[in-house]
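When the chains are written out, they are named A, B, C and D in that same order, and each has its own residue count from 1.
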Amino acid sequence: MKLRGPIVFLAGVLVALGAGWAGFPRLIYQTRRQPVDFSHQVHAEKAGAKCEDCHAYRADGSFAGVPALDKCSGCHTAAMGSTVAEKNFIDQYVTPQREPEWLVYARQPENVYFSHITHTKRGNLKCEQCHGNQGASNSLPPYQQDRISGYSRDIWGHAGRPAMTMDACVACHRQSHLEHSCLDCHK
Amino acid sequence: MVRLTGKLADGQFITRGVSRCSTERFLLWLAPWVALLVFGVYCAGLCLVKGLNQTNMDNRFVFGLWIFVDLTIIALGAGAFFTGFLLYILKFKELSAVINSAVIIGLVCYSGAMAALMVDVGQPLRCWFTFWYPNVHSMLTEVTFCISCYLAVLAIEYLPVVLKNRRLKEIPSFLVFEFELHKLIYVLAGVGTFLSFFHQGSLGGLFGVLRGRPFAFREGLMVWPSTFFLFILSAAAVGPSFLILTTWLVEKITHKRLVKDQVFQLLARISGILLCVYVLAKAVDTLVWLNRTSPGLGFEAAQYYDWKPFGTWILFAEIVLFGLLPALILITPGLRARRGWLIPATALACCGVALNRFVQTVQTQALPTLSFDRFLSYSPSWQEVGTFAGVLAYGVLVYSFSFRYSQVFPEERELKAARVMRLEIPEEELVEAGR
Amino acid sequence: MAGAVLTPAPWRLITDTALWSENWPGVPRPARGEIRARFTTCALCPAGCAVRARCVGEQPVLLTGVSGGLCPFGLSAHHLPYHPARLRKGPVAEATAAVAGKAGQGIAVLDLNPGRTASWSYRRAMGAMKGAYLTPQAEPFAYDLSAARTVLSIGTPLLDGWGTPSKVNAARPNFRLIQAEAMESRTAMLAEQWIPIAPGSESAFAKSIPQLEAARELSLVLGEGPEIAEINQRIGAFGKTVFGRSEAVVPETWTREAAAVTAFADVPDHSIAVLLIDETPATSYIPWHRIEQKLVRDNPVVVTFAAHRGGYARHAQFALPTAMYPEVLDDVAPAADAIRPVFRLAAPLVATPTGVVSLAEFVGTLSGVPVANVLRERADAIHHAGQGTLHTYADRQRTAVKELTADAFWKGLNEGGEWTWEDAKPRAAVMNRAEVRPVEPVESPADLPLVAISEPHYAGLVSPLLTKLYQESNLLLAPNRIALHPKDARDAGVVDGGRAMLQTRLGKCAVEVTVDAAVPAGAVQVGSAPGIQDVCGHAARAKVVSV
Amino acid sequence: MIAQGKTNVAARYGMSIDVDRCNGCGACMVACAAENNVPPAANGATERTGLTWIRVYRVDNGGEGNERRSAFVPMLCQHCGKDAPCVAVCPQQAVDVDPATGIVGQMPERCLGCRYCMAACPYHARSFNWSDPAWPAGMEKTLNPDVAPRMRGVVEKCNLCQGRLHTAKAKAAMAGRVEIDPADYVPACVEACPTRAIHFGNLNDAASEVAQESHRKGSFRMLEALHTDPKIYYQSKKDWVRETASAPRPGKENARG
């Protein structure tokens, strides 16, 4: 009889743990599909493309991010391979000249200022250090969007990916003694 | 039939040996306060949903009615910690007669102030940032930490008051819990005293550290400006006065004697002595500020009192009329023994602390700092007044419920028995008392 | 509870709510894209400042000056296409029918921004239709501040947006400024000397100038009114600081076809049956009662071509939406200090909205005068004349016109460029003695105790951000405001920030009140809103009534 | 991991404002609002509830009639020194002074909206978002992508156009430089001023225009006796204008309206 209290307590703890770890992520994240089943690996290997070839810098040092359709249709006016994904891409986007609405995993909040050029050129960082091995992946992972904040789960660095949260930025800046003020990275 | 059972059920919760009014009268008493509370919640909701444009605050009057009310009620609620300090640490045993009342008042004041603060800030969802990313140099961080911790202490201290309810006492585990809690009370009182001493001070420091506002800025010891200590002192001095005032008010409303007269006398004496010390300290502080601090920052103190309606009368009112005068009444045994002197004196003392908080907050913001700037005025919008009224109603309701269903004044039964023996009591009242 | 704390759920939730507080609905996200610079010329006023537009993709997000700053109106012109008061559609077909129905009766075009190529189109169309081309006032002079040593200005906002501010600023260190004005205006504040005069006594003061001690040193007098030209002639300013206003070359056929320029005040009363008004971008406003006075009594037709609802659209039978800078290609009229010819194009920065009509095309269709390509025709005429240089803003190069092809010249103008003919000989100033102005009847001060001082600037449509100056600070007197001395405000029973009624013999207008000790007692400074101007001009007697 | 970038010598960005040149046109205020995505006035906003990071005050010598002389004084965040009054009071570190630039920064996303910093600022340089920001339909297209719009319930103020500093730094990095080109970093108000009354630069660079002007005769700072050590310098040849920098004087009640 004396044990009843602790048992109830433990059961409660277990239920809460289960709900928090297993149920909650399903509830809070909404999985969205990318418009195109894109393979970085194919482009890197067959087209021999480096990151900067598509994810380019502009003359003023700003970063163009995900390339626009122009860049893709430079090669893909007609099918180059025989995959279904490419055929779909051409039919749905290249031919009607519709920009695909890519979902950017690393999209930072509006108030974040991040300069790629400063990190790669002055800081000598490799793309992989923040983006993980994205460039060698064969397919795009599902885009898990937080229902409340609207941000991608990938920013938080789950499942072995490097995190892109403020804590991660600060940790690295602190290590290299480059932590000055909030406005260095916020706008 | 239903009403009868309701009545019976209600009566079963009332402490044995004391008389309480009928359920209908109680509900009648509650009705206006509940209405006011609902209105207050509506006003607060407006501010939360539509934003603070619902208030009349602006970029120059960044704090309005609420900060003044918060500071004042927290000062008045100081009776809780100070009585606890006197009772448990300094062992003034007589004060156990009012400690419950003091705790309730403290809880009401602090939780009310916190609620108002949550409406007052622009982004209530981010309130936890203060705990997660605290700036230890900020007086507001000190205030937030201490008030929320102390509120927790008060809530724990309030539990025994609730648990002393007749029906709740019947549940054994509650009784055990209460007993265990009672052992902790000294620790709680100690912690509570420290926290609240500290945050009364921090509240004083809130404006005292504003170097950019020479009207409020004070020099001080280490990191704390003199207002830090003056606020502690004034809160400690006025807390007991407010306790006298509320207890007297409850006695008047309920037509009962709740506390022995010597408790009143003790509280009044303590209040009076502390008030004397406070007035002296305040006078010295004011002189130092007028002649040294303010001119040192390039501000001739005379200009502060150039702007109508805040002439030098406000200094006089604050220090003499609402400070020295009640202090003298309260330390004179002959005067404070008479209710006709005691009650007005405590009321004056409470007004004094309110005026002090008003000067610190509202007048500071009204005065220009730039030579080409103007003197500003501000009057609260109905939404602000409504929110504040809601806080007041909330306080009255909590107190009413506590008073009805818990043993707020332990001496009440004893005093009542004495009264019943002394007077011929009409029969129906005895019947009611027997319930 | 204890279990839940060990899971990510509560932490995720509080973080998310905090994040949500950053991007909750209502906070817009600026579009991202490549940042580019484009150049144009500001067409809001004749100053025609060179503009560098910072664009995200094609969308301008910030306007700045090319050399030096811009005025607050020009800086924020890229907001105008989105102004809530924009006129976006109108009864085009009905207006066309109504005008056609009055064919053969007195038609006139009122051009509130004269001196543009479009003005020539109006003149040509009116020439073909035997109509009249009207401007607010015939201003034949141009002033050269760089040659002035002592300038007396009677209420002219010389340092506050007059002429071409960059030229004024460049000349400023070299001349002494005496400002005669009732209020200590922005110009008076920066002038070497301020002579306060009674409000409304500008004309009397001008007449007394020859008796002034400083009269001998004066090299230029600026002000309104017919006596100013005479004084300038007397002090020998003609040919030194006062010249005839120059215009860039126009194709010869235009000058042959064009109707004469008539000052609006010179039009006989009740003679206009059809009035077409071009009020965008207007640099001045003629009160409606003056316009009404010129219209025939029997069923006149007034069509205004406006970008917003606030001006004549309130009175005219037909208000037709028209495009304005920076959404339409137009040129900029020469400024008051343009002593040599100049030609600038305001190339559009955003797409021209659909559903707009232009007065030039309207009258072109009516009269059969081809107006579709007039800007190019004029640029070609300038190029053909082969004089002057093209100054391109992007590279700050000056190229002689002779070295450019006609296409290159046109392209240069369209990508932000200014043609000037620096070594042209300024035209001589010619006195126009026929000028007679209607004199305001003297009113009794008894029932209308205040004298109006009007704001020098009329800006028809301003960016919503101008609330920073009008509403969120008291830097500029808002168009719908009046300012009073504290004493007069007390007498009228009005308070700062309150509402009141401004009353004159012409009518009433609801206004907001600013109480300002800088306004002289007995005067009321009035904003430039058309509603106020309709009832209360400069020097008019007025009364303020609390409501 | 990160190559130790050559740390710049700390800069102290500041301004020198020539009051005698300011004609009060307000271009600085509008340019600032356009650059920093400050919304137009919310319904019923007044000079006390509006949002503006820079405000041009009309000041006068207190004279009556002909004796009256006025001037315009632009007031913005004075970017006080290390011990800025607003920095210490913020309960959650939403305000900081950048040791590398001397810029006093305000982080709207960290801000709780308690407004304590506003009470602390003697220059009234801070504004609170009393309402949700609102632009007329379509006008949000004209927002500057380099500055994040703020939400309701937070404090904002001048940060010397930090967005432009970011752009200048990225440009320098692209060109392989460590130091930014001073011509790339000019705040919007400075750029907009038609009379060039405002100069901007690094006060630690003795050769800069602002550093020299800050030592010139007639240079003054607002409320210097408060020891806030502002980096915004003013200058005027007129004695009465320089006196406006000191605290209000006794007996000046209701001098202005």
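Some notes on this structure:
The rule we apply is simple: contacts are C-beta pairs under 8 Å (C-beta built on N, C-alpha and C of every residue); 3 or more make two chains touch, one makes a residue touch a chain.
This is a predicted model, so every value here is computed, not measured.
Comparing per-chain C-alpha centres with the mean over every protein C-alpha atom, the closest match is chain D. Interface comparison, B-D versus B-C: the higher number of contacting C-beta pairs is recorded for B-D. In this assembly, the C-alpha centroid of chain B lies 41 Å from the C-alpha centroid of chain D.
The distance from the centre of chain A to the centre of chain C, each centre being the mean of the chain's C-alpha atoms, comes to 51 Å.
Averaged C-alpha coordinates put the centre of chain B at 62 Å from the centre of chain C.
The set of chain C residues touching two or more other chains comprises 17, 20-23, 27, 29-30, 32, 35. Shown for chain A are the residues in touch with two or more other chains, namely 60, 62, 109-111. Among all residues of chain D, those that touch two or more other chains are 46, 49-50, 58, 60, 109-110, 132, 147-149, 151-152, 256-257.
Going by the touch rule set out above, the chain pairs that meet are A-C, A-D, B-C, B-D, C-D.
Taken in their complex, chain D has these residues touching chain C: 20-21, 23-27, 29-31, 33-35, 37-38, 40-41, 45-47, 49-52, 55-56, 58, 60, 65-66, 68-72, 109, 132-145, 147-152, 188, 191-196, 256-257. Taken together, the chain D residues at the contact with chain B in this complex read 42, 46, 48-50, 57-60, 73, 75, 83, 85-86, 88-93, 110-116, 118-124, 126-132, 151-155, 222-228, 243-254, 256-257. The part of chain C that touches chain B in the complex is made up of residues 14, 17-18, 20-21. For chain C in complex with chain A, the touching residues are 1-4, 6-10, 12-13, 15-17, 19-20, 22-23, 27, 29-30, 32, 34-35.
Those residues of chain D whose C-beta lies close enough to touch chain A in the complex are 1-5, 7, 94, 96-101, 103, 105, 107-110, 146-149, 159, 162-163, 166-167, 169-176, 178.
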